[in-house]
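What follows is one structure encoded as structure tokens, with my remarks underneath.
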């Protein structure tokens, strides 16, 4: 049991076994494969899953580090067949690469591992679409950085479903979970005008952050406006604007975009947010768009969850995205 | 304290007492009557309530067996007067017959008791409308079977509000809670084309089950489609189609039809489901239709509930149905 | 540490401190001021906050007495800047006066303190708008009484967002939380025709109470009707009707107006109620109206809350109201 | 269903039913009888149970008012046969009289009802031993007062198992739950020297209270001392001292005497307290003593309980006391 | 992934993976091995673990079926090295065989599988000591039956740590969790005089059951007596008596033997029971005895657990037993 | 509100206010003072409290960072008078200095602040005894380092009440919470032979760690041995040994020394540990010893607590220590 292919990755802590007697009902946990001891034939895979169990970089106390394992455990509640859309995800081959190795006290080193993991995925099997399970939102900066490292000539756009701008100042906070978008803009990796934030609302962003966003030409649509215009229209419009300008659209879903009633497990859950049905619809549309090439789901603290409401919604978010992907 | 009239029934474990000093505010627990030691005058009653505390037949672990007692305890939070509709349910006389006796290890014997209880109700007081509190969904097969036993010449239709088809194969599972609709179809008691399932959605039904449903001509409307067409329109349409073809419409409400946010206590609660206001509206319309002659509420595990959200919604579902009934 | 200015008030139990190093992000807990040992210069303030930790007067068991402290602790999750509306509440000066002193066993004495506190606020700094945090709904009768004491010639109107009429008979219950509106009507302080109740629904008001409401010409719009007409339309209409007839509109928000899914912490939480986004929109509109001169938030038992859903919504309700106020 | 014999009592909210088919296993809920519509033959009974659902008189927020119903519901987990002692409680006849009527806002009136209930029990059937379920500790003053009213010439002693002295000043607090012992001493109903408090400990009594206790010659043994001497020795010694001096020993068990680990549901639960096995042993010894003629169990808030630990211990406390009683 | 060796077994649902980089700290989850696709070399193993996820046979509602997976997940909190005893369990080789296949509705078939699994273990690798994780106590009857099937000439003794006799009548209940000891006695597989029950107490066994136990000469020591004599003395005495009379001692630990404070997750948790330190000491002594050849741990419902207290104690119970085993 | 005296400290987030009307009952939250804007007269103080809200350095996920605020909030449940010992802590003057400033992502910088804070306390007011509230156990290394910085010529001994050795290798983990004792030994600040660890037990320390401890001559007494010898004897013996060899004894209490039943909130809570009464007795004896000059309490995650059991025990631990201190 020696040579796990990625040096900066651990296996998932626990993996689902396969029972000998097949039943009719293929479940997500039976469908998604794990990496065995030998290097898999990457060509056969469509989607790679990466766990990023880091939440030491969070401003508030967060156990989002436990989210990747919690999402894996929740796979069992879902089948591969989407009845609403008559799409069977089993047509895709998905492999779970495991988790980025975490240093107990050196956040910088962990951040480097995250960046390296994305870069390695882009180099070893660039045809697969990576879906990363955070961890807190700090990881998005590292993942996009890793992408840029592998594809230095690409122009990258971001669709961000989030209650926050996440443009706080890394000079004060370090590479914390309030700063990833600013890190990417200030380092020139992504331009503000190529970022579309949808779902911001209420009393959860300082005025200075809005001013920064305006100055950098970040596109944003508050929840109230999105509901008036129709969330799907806003999403389609963002995709339409981006497809003309960027090579790659990166989707980042901060689970705190959800209303506290629909996503109680976000460390910074707030009233006034998005409903899960709006989120599922949004990511399905985004998943369908050919320019969208990576996705992450962040800021879900399973210890705060109520009756698995948020963790099941996170899995559904991934599956809705893949439903869209199947329709490409 | 000897001769409780139904041999296959127990009394409810606990019953509400009546206080000596009346107040203005008639509550549901004061309104619904219990069976005393002598046989009541059935002619005076409109509605009979039957507890069916069986969940050993569940595929997943479930304490839905505790639902009948939990619903009875929650009656106290409701009055008989419906302000929205200006209807006072106190015009109906309702009697709680108690619970079907449960064998600790012999599920088949319990199932027989359930069937016998329904048959007895149809024979002793066929003018009353029975409302059954599950228990898991396996009981619906037994209840409908009991109905058929009593009314062998009736054509029975079913309106099923459910996240699942419940047409898994009893050959593998036995008469479990994933199979009741298939049991009824395969035994010829109900025809597939007389079944309307509303509320299915997402990743919670295997493709094979959909194929079975198609093959048997089950009518179904996924949640997404139902919202597009209007849930009340879909309900009215189903009633309209059925009234022409069947003698009796049986309504079965699987509480897992609710979104996990609105009904956290369903053992298989899922995101993407129905909202309680949609459910209350649907059952009120159904309750109004004269062909609807029985109702059950199943798959509610009170131990999973959050702040009594689901148990109160289950009681409200019954009361909304009765509001419709009063308007017949 | 001697002369706290209001003899019938205690300080809040705990107060937020201010850190020496300012950051960009002004939070509500840093913005709202406390009364120090000397009498503040009232002229500089716009808004006064009053805690009323009384719930011994509740019909059902309630820890709503703990709500004022819980709301203060939740301030930290909110900034002063409202992104949806581009309004910064920091333009207002707000002072928290503390809590009305509570007698352990003499509810009447506590009620007198509440009335005195409102009267004192109206006399010492009538230009400030008082926002009171209950406690149970019994306090509204005392607060309005105190207002009337200070302004005997004013005609007072009430907008009540509530699941209940709260017109039960104080002869039976004493000045309990089911009776405040009836107390005010029967004592001639407010006329029934100047009361608009929005959000009533379902099985939670006895028929006798509706008959009383009709007889006293209370205006009420059930939740179903409000949704059909549009909640904002109903609110605007109520304001329009009242502005012509009264000098002062008092807004009382009983948190049990919320659906049990959106506000689980109300002692009498029910299915079928208002959603938080509807509530926030409603109070923002009300806050904008110049005739609205006082507000309270009652019946929130923090011990029943799930993941701070209700307590955060209560704070958001206050802030949405103030957003409206800023737009006057 | 009209003439419940005690005008100041309500029936229990819910009562256990009896099933038609007897099994071998007589449970406490099947053994304890309820009062029906006609006056029972008191001569046949040994023990009367009285619920006193009052906790509005508590200094801290408390739902101890819900304890009587919670204890009744927990009876089902216990049989009548005590295996350790080979004693079957079924030899006693026990009747549950119901609950003292509660006024919503007039604590004084409720207190009067409590006193009247005890007086009535002493007059109608003085041979029965009353066991009262609180409610908070304020009720003990009323119950002992009622006893004194019925037996004005008796000298009453008290054994109090408690973390607190409960001798705070009713002049400040009114007849609250911190004051009952002082009320009884100051009104001359019980003398300080006839009170034995066992179980006090730690940082939960002000020095002034100890000084009052010393001045009034209250006997007290802190938990540390009690463990050194042996809890049973301390109990036996207290009984021995009292039997020579008083006509009646009243036992009051404040559940907060338990360590927070053993009794988490006491509103003022503390570390450093008694263990349940010590409590059960103590009350069994006390129950055996012929001079002990009444008992109460107070200050248990079922909403604070963890896994029914405290409520089951409260029922066990009653049953251990009755085990002792059977051995008289 | 085809030929799992035991046809009546499933793999565990999830298994722990092994990370590539070893650290100093061998944890139990890294030490216990799983069965791979080919048949292992049984000779190398000392201990076999068998999950028996059955609790449909429980009298009260129970999710003890989830215990085997919960215990496996809790392994991670334990190392193999026992500091108190300076014993490293890593000297043993342990393999987890997986779970007995469960039929959804046919309890009898599941019971047969359990019996077959034990019989197979005894035949394929009789030198290994089987440790079974229930499930409810009904499984013990089946496991001992399987043992007898494999070793028909052996005399079997039982040490039972339990709050209950478990000798209720299978004629009424079927092979439920209150009946296993009676099943074994009445079928002649084990004689009453070869059973030692330690830990019974309080009000949790009907008098008839004690009479049955006396009649069958079951040895039992109530908790009170055990504490007086010293739990370890009672255990040693039982071992001493049995070693002279039987070939095999089977240890069954019903987790409800624990006090409700120490083991809140037992479906029938009671006050007055054993403490975990007493349990660990007892099973270590038992594990050391060479005649003890099998062990089970039953009646732990992980959904009732508080902060993993009971599940961690169950794992510790197994490890304490194995510590004793290492000292043989 | 500018010049808080310690640059590396924040104020506590919330502070208790003082009410205008004094009552008889001085509570801990009224007794412990806060630092105001001007530098206090240090000479008047006996004890300083320091919050160290760091748990990013934890190996497992931990919210121990929230402990300092949680302990402050729990002060209100305690008075200053210790009835068991007839000692009033109010004779001491205690000031709460606030919390060490935390960097969001730079653990090293936070560690430096901790060290600086201790050094500053030793320089500005060396006569005060510092009590630090963690945070995780990594802080102990920094606090002792700070002490050594201020008192370079002192020999320091440590009494450690802990389930773990905490001598894991910082080369792998960095300065994490498993490593503080090793950090101190390897850097020569404390010698192994001057460390007494009491309370270790069970399966929670790798064999390599014991070997390191042996090699460094750390004194340790497992829980089993401590109970056999008497915990107080073991403590007294450790003090006796240390007083001859060191200038300063530093007491560190890792709350995970408690049994999981007595201290559920420790991130690594285990069965088999110390009981709270043993802990309180131990720290009282230690507090009495004149060579003991500092204390910390670490590894308490309030989010894991059950009914405030652990947080109240942590406060009681501090108060028991101070009771000992008063007896010096």
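Going by the order they are written in, the chains are A, B, C, D, E and F; count residues from 1 in each one.
The rule we apply is simple: contacts are C-beta pairs under 8 Å (C-beta built on N, C-alpha and C of every residue); 3 or more make two chains touch, one makes a residue touch a chain.
Model, not experiment: these values are computed from the prediction.
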Touching chain B and chain C alike are A, D
Would you kindly count the fewest steps from chain A to chain E, each step being a jump to a chain that touches the current one? 1
Validating interface symmetry: for the copies chain A and chain C, is the fraction of residue numbers used by both over half? Same or different. different
Here chain E maps onto chain F under a C-alpha rotation whose angle in degrees, rounded to the nearest 5, is 120
Among A-E, B-E or B-C, find the interface that matches D-F: by residue number, over half of the contact pairs should be common to both. B-C
Cα-centroid distance, chain C relative to chain F, in whole angstrom: 43
For chain A paired with chain F, centre-to-centre distance based on mean C-alpha positions, whole Å: 40
Do you know which chain C residues sit against two or more other chains? 261, 306
So which chains end up touching which? A-B, A-C, A-E, A-F, B-C, B-D, B-E, C-D, C-F, D-E, D-F, E-F
So in the complex, the part of chain E that touches chain F is made up of which residues? 23-26, 28, 77-84, 86, 88, 261-262, 276-277, 280, 306-309, 312-313, 316, 319
Chain C-facing residues of chain F, complex: 1-4, 10-20, 73, 76
Give every residue of chain D touching chain F within the complex, in rising order. 168-169, 172, 200-210, 222-225, 259-261, 264-265, 268-272, 304, 306
Show which residues of chain E lie in contact with chain B when the two form their complex. 55-59, 61, 63, 65-66, 103-108, 138, 173-176, 303
